[in-house]
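I have a structure I would like to understand better, so I am pasting it below and will then ask my questions one at a time.
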Amino acid sequence: VTIRAHILGASGYAGGELIRLLTRHPDAGLATVESASCAGEEVGAVFPELRRIGLRFDGAGAVAANVRAGDAVFCAGTHGAARAAAPALLAAGAKVIDLSDDFRLAERAEAGGTVAVYGLPERYRAQIASARLVANPGCYPTATLLALLPLAEFAGAIEALVIDAKSGITGAGRTPSASSLFAEVDEDVRPYGLTGHRHEPEIAQELAAAGLSAPFTFTPQVVPLRRGMLVCAYAVMRAPAGEDAVRAAYRRAYGGSPFVRLLDGPPSLRAVAWSNDAEIRVSVHGQTVRVLSAIDNLGKGAAGQAVQNFNLMYGLAEERGLQASRGEIRT
Amino acid sequence: VTIRAHILGASGYAGGELIRLLTRHPDAGLATVESASCAGEEVGAVFPELRRIGLRFDGAGAVAANVRAGDAVFCAGTHGAARAAAPALLAAGAKVIDLSDDFRLAERAEAGGTVAVYGLPERYRAQIASARLVANPGCYPTATLLALLPLAEFAGAIEALVIDAKSGITGAGRTPSASSLFAEVDEDVRPYGLTGHRHEPEIAQELAAAGLSAPFTFTPQVVPLRRGMLVCAYAVMRAPAGEDAVRAAYRRAYGGSPFVRLLDGPPSLRAVAWSNDAEIRVSVHGQTVRVLSAIDNLGKGAAGQAVQNFNLMYGLAEERGLQASRGEIRT
Amino acid sequence: VTIRAHILGASGYAGGELIRLLTRHPDAGLATVESASCAGEEVGAVFPELRRIGLRFDGAGAVAANVRAGDAVFCAGTHGAARAAAPALLAAGAKVIDLSDDFRLAERAEAGGTVAVYGLPERYRAQIASARLVANPGCYPTATLLALLPLAEFAGAIEALVIDAKSGITGAGRTPSASSLFAEVDEDVRPYGLTGHRHEPEIAQELAAAGLSAPFTFTPQVVPLRRGMLVCAYAVMRAPAGEDAVRAAYRRAYGGSPFVRLLDGPPSLRAVAWSNDAEIRVSVHGQTVRVLSAIDNLGKGAAGQAVQNFNLMYGLAEERGLQASRGEIRT
Amino acid sequence: VTIRAHILGASGYAGGELIRLLTRHPDAGLATVESASCAGEEVGAVFPELRRIGLRFDGAGAVAANVRAGDAVFCAGTHGAARAAAPALLAAGAKVIDLSDDFRLAERAEAGGTVAVYGLPERYRAQIASARLVANPGCYPTATLLALLPLAEFAGAIEALVIDAKSGITGAGRTPSASSLFAEVDEDVRPYGLTGHRHEPEIAQELAAAGLSAPFTFTPQVVPLRRGMLVCAYAVMRAPAGEDAVRAAYRRAYGGSPFVRLLDGPPSLRAVAWSNDAEIRVSVHGQTVRVLSAIDNLGKGAAGQAVQNFNLMYGLAEERGLQASRGEIRT
């Protein structure tokens, strides 16, 4: 049976990626692609990669008018939009996956009586499976948590954590701003949010929930490319760590996770672009554990992970509709 | 029944794209991926996009040892390699699709008694269907011929043609050269081949075969991007052309061609990247007809078109295995 | 004696380049850098390349309050701003160089009784020298006119002109818009303005003024780079042209022009970036003359040419303050 | 009096930048630009930015034949070349500045009896002034040491150091290799040298010489841009550090250094590109000190620093010939 899916805020970069993924998902049917700003426009005019699909954006209110019990609604609009929309959608019997940060922090993870589950499947697979409201993690938290969570068993020995993160510019969204112009991003690597980035509390919450309460320093940087995020995470321990034990922890953590690839060589943004994959490489350098973690900020960092959560919420195989990257293999 | 497919010269950019396409083709089975220079290496180490596939390159001689009657062999090596290999492959009963320029020109389109068919399906669909040896067109000729061939019925009125072509750098291949270095290609648009480009005779031959014998000026240029080619072709006529008649000619020419999209708005390289699509826009400006033609130089300009030819040669639907671009729809 | 210089609209890309050039000009003193939107901000915060200069933007009205007879005012704001400001500036005895299109077309090239001279020094050197109001040409017209004007003596034999133009994205300005975002410009070549571009009347006027009244087709395209413009111009003649005569015409036209470099090899955007240089290569292909013309859209296409006009207007050597590109030589 | 300057290995990227800088240096005269591979070629054909200079490369042996006592020789060739050439050059009475890593490590910092001085002026200004052989630091060590050396007074409290470094691709040189191709570098951030990078011993030596013997983890990464390097260095302390004391240490360290700019906001690669500047920002996050350090890998990381050393060796003002970046001010 085909699950009806709706997208709110469909004309942003995460929205476009959701359209791409849901259109080819074998168990989903895309019922509504709502965008207030692009109502009536061809999806392919906004996202050239999607011209073959032949869809038009629906206008404001379309999801609310169209939603039925059992449907899935992906909220891909600006921060704040899901908080406004979710109660009615849940009341209508829909399941909601929110890609904004409206419900990620525990102190406000509630909509009309429903409590959101933090949608990082590699950590909360079971809870997601029974959730009606999922808070899809941010791109920086996703890459960072995948890099660091397996170190939880060594938490007591960690003096401090360093998170050096480089993001492609689609992470900044499609809303025009001077700092996202080609002429500003090109030929530069730009650190930003140096006195506090909006994703830090989310990272802090989830590291702490895993027992990783060592202080961390987070350095987000924009790199001149479209899609991709590389997080280099470093755990400085009070004593040398055992490489075998560390590697074993990562193998245990991700043994059952189809989208996490543990590598001996370096991760590659091109290897994960347009996919839901994460590539992780861990190594030990005396007292320091270094973890390199690569994802597509729009894939595993946004829309891909949202579809992974959708699969879990509807009892589908976790990889359903997601196996195919650009270098895809037959399903 | 699955058709066994082999690739000779599999570690170049066209070879990598063939691996990607044939791996997911529902009627093909990839039997050999031969690369003398990368024998034994993981395909995913050379092409990060293909890590999920889990293949290794075969060494020199693997195709010859492995080929059987009825198989398909794609020659994606350097120019000259197919001329050496084709006679034995044909004698073994294989069908051969050559992506080099070894057999494109009529005066040398013959291998061991077999005459090659020029593999532009939009023009030679029937001949390709019964061919045993296909010369897959070059990327510049493909984009140019798709742009200009429908003007054949106006040939007598054309004073001269201008072909202004911009290509992504993968068109120059994976063999290291100073002119393909990032630091040389970045922040520049580089005209080259100004005193004669290797693709000109191929363009000349096929324009003439269609009756378009007006002189043409060809200006190839490298642009700083990976995949994509935009040809702006101009036909200067001796008298104003009728826009309706011209547009009608394009509609007639491509009515049955599933990969050619006629547009009112501008073509986009991002719309055709990683696909076998071509986007074409024609307009009339007094005496001048302007045709914009966009393809992926590795897709419709190389590997995609090779698979399209494969489909025709084996009696499959022309779109088989090729409908899915990055923004793919279910087949 | 130092000439006092003022910039109106100093926080756009052309404004930033004017600041850079005028700061190091040996005969100019930068008196005012007015920007309504960036008033009080460090120039180096907006233009990182200019951090060493240590200037701040002045607020709205600063130029008007500060201008004196004999000063030079560069208008680098949005189209329309100069038309409003010029009459008072001229009345105050200043000379005005406008980089917008407010005064480029003859039918509206007048401000408070003063008639603007079209500021292409290679054509109007003498008139500029005695002008009080100069309309600095657009980037597309500059590259196009430099390419085509020397063909005026062959005008009668030209059937049609083709102008295929590729521009770096700074040509679109610093005002945020979706079409200038990195994620939209990257990995694409984007034709635009296909049904009429704002620069066409300017090109038409100046070609006609030179006797080149053959119809032209103009195809502007955005390429993924910051600074640079390559125009490939083609003149289709009614009969083959003589290569020697054509080349001689270019040598005559630019013999006394210090910024135009006639080349045998291909022009390069990197060769002209951050300079006032133009590189031109002309060749004859039967009936078609092909001219490749490369400039920096912010240099010879905007701020560099404005300073060249400034030099002429104040009786300075044409190259004064402009000899130094990135690969500069000592003056 | 003009100092005669020679370049060995002039056709690499550092060589090209040396040509650019020395051509405009008021006290240097470029006597020889030797390149075995480009002998006789126009410099402007290899480096389009240098077309105005109008030089040709000299062939192998030209420096040896041309050098005189008192001259300066810059060795910009591949590693190993300077070790072969330096003894004779020194014997001829020349001063030698080597940009390779031939003389950087103390255990082999000797040529024909002359001991090389490590050419980081911000640390060894006095020794450089009296040196006859200078080992110009690598780009990664330069950015890293500028970031970390001022922390020497806190060395005892440092548990471990993390050096996360991103480099533009010109750092890999002009010799063609697959990993430097545009199509490989574009749209990726590529960690490399993960099991040991050639620059690590140099960093280790100089950190130790300053008393910074805490273990460090070094992660070099290639980013898709031409020129620029951003090092994010982190010192994890055993107890929280005092922000005021740390900042004061940086101000003391760089008070007399004209090329180091201490910033409150983020450093920018565009701000330092084509210059000898370094931008540094230090902040304290509990136990972790974070230092962001930006240089041009070809400027302060290679040729610019070599000219700075040249100035010191010849008793010239340290900034001589180097004040002018792209956004240059008059000297």
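Note that the chains are named A, B, C and D in the order they appear, and that numbering of residues resets to 1 at the start of each chain.
Throughout what follows, contacts are C-beta pairs under 8 Å (C-beta built on N, C-alpha and C of every residue); 3 or more make two chains touch, one makes a residue touch a chain.
For clarity, every value in this text was computed on a predicted model and none was experimentally measured.
Fitting subunit C to subunit D on Cα positions gives a rotation angle of 180°, stated in steps of 5. Mostly identical positions are employed by subunit A and subunit B in their mutual contact, as over half of the interface residue numbers are shared between these two copies. Here the spacing of subunit A and subunit B, counted between their Cα centres, is 36 Å. Once the centre of each chain is set as its mean CA position, subunit A and subunit C turn out to be 45 Å apart.
Multi-chain contact residues of subunit D (touching two or more other chains): 48, 186-188, 224-226, 268, 270, 273.
Chain-to-chain contact here is organised exhaustively, every possible pair of chains being in touch. Remark: subunit C residues 159-160, 162, 164, 166, 186-192, 194, 215, 217, 219, 221, 223-228, 230, 232, 234, 236, 238, 266-270, 273, 281, 283, 285-288, 290, 292 touch subunit B in the complex. Across the complex, subunit C is touched by residues 20, 23-24, 26, 44-45, 47-53, 187, 261, 265, 268, 270-271, 273-275, 277, 279, 323-330 of subunit D. Those residues of subunit C that touch subunit A in the shared complex are 13, 48, 168-170, 174, 176-178, 180-188, 224-226.
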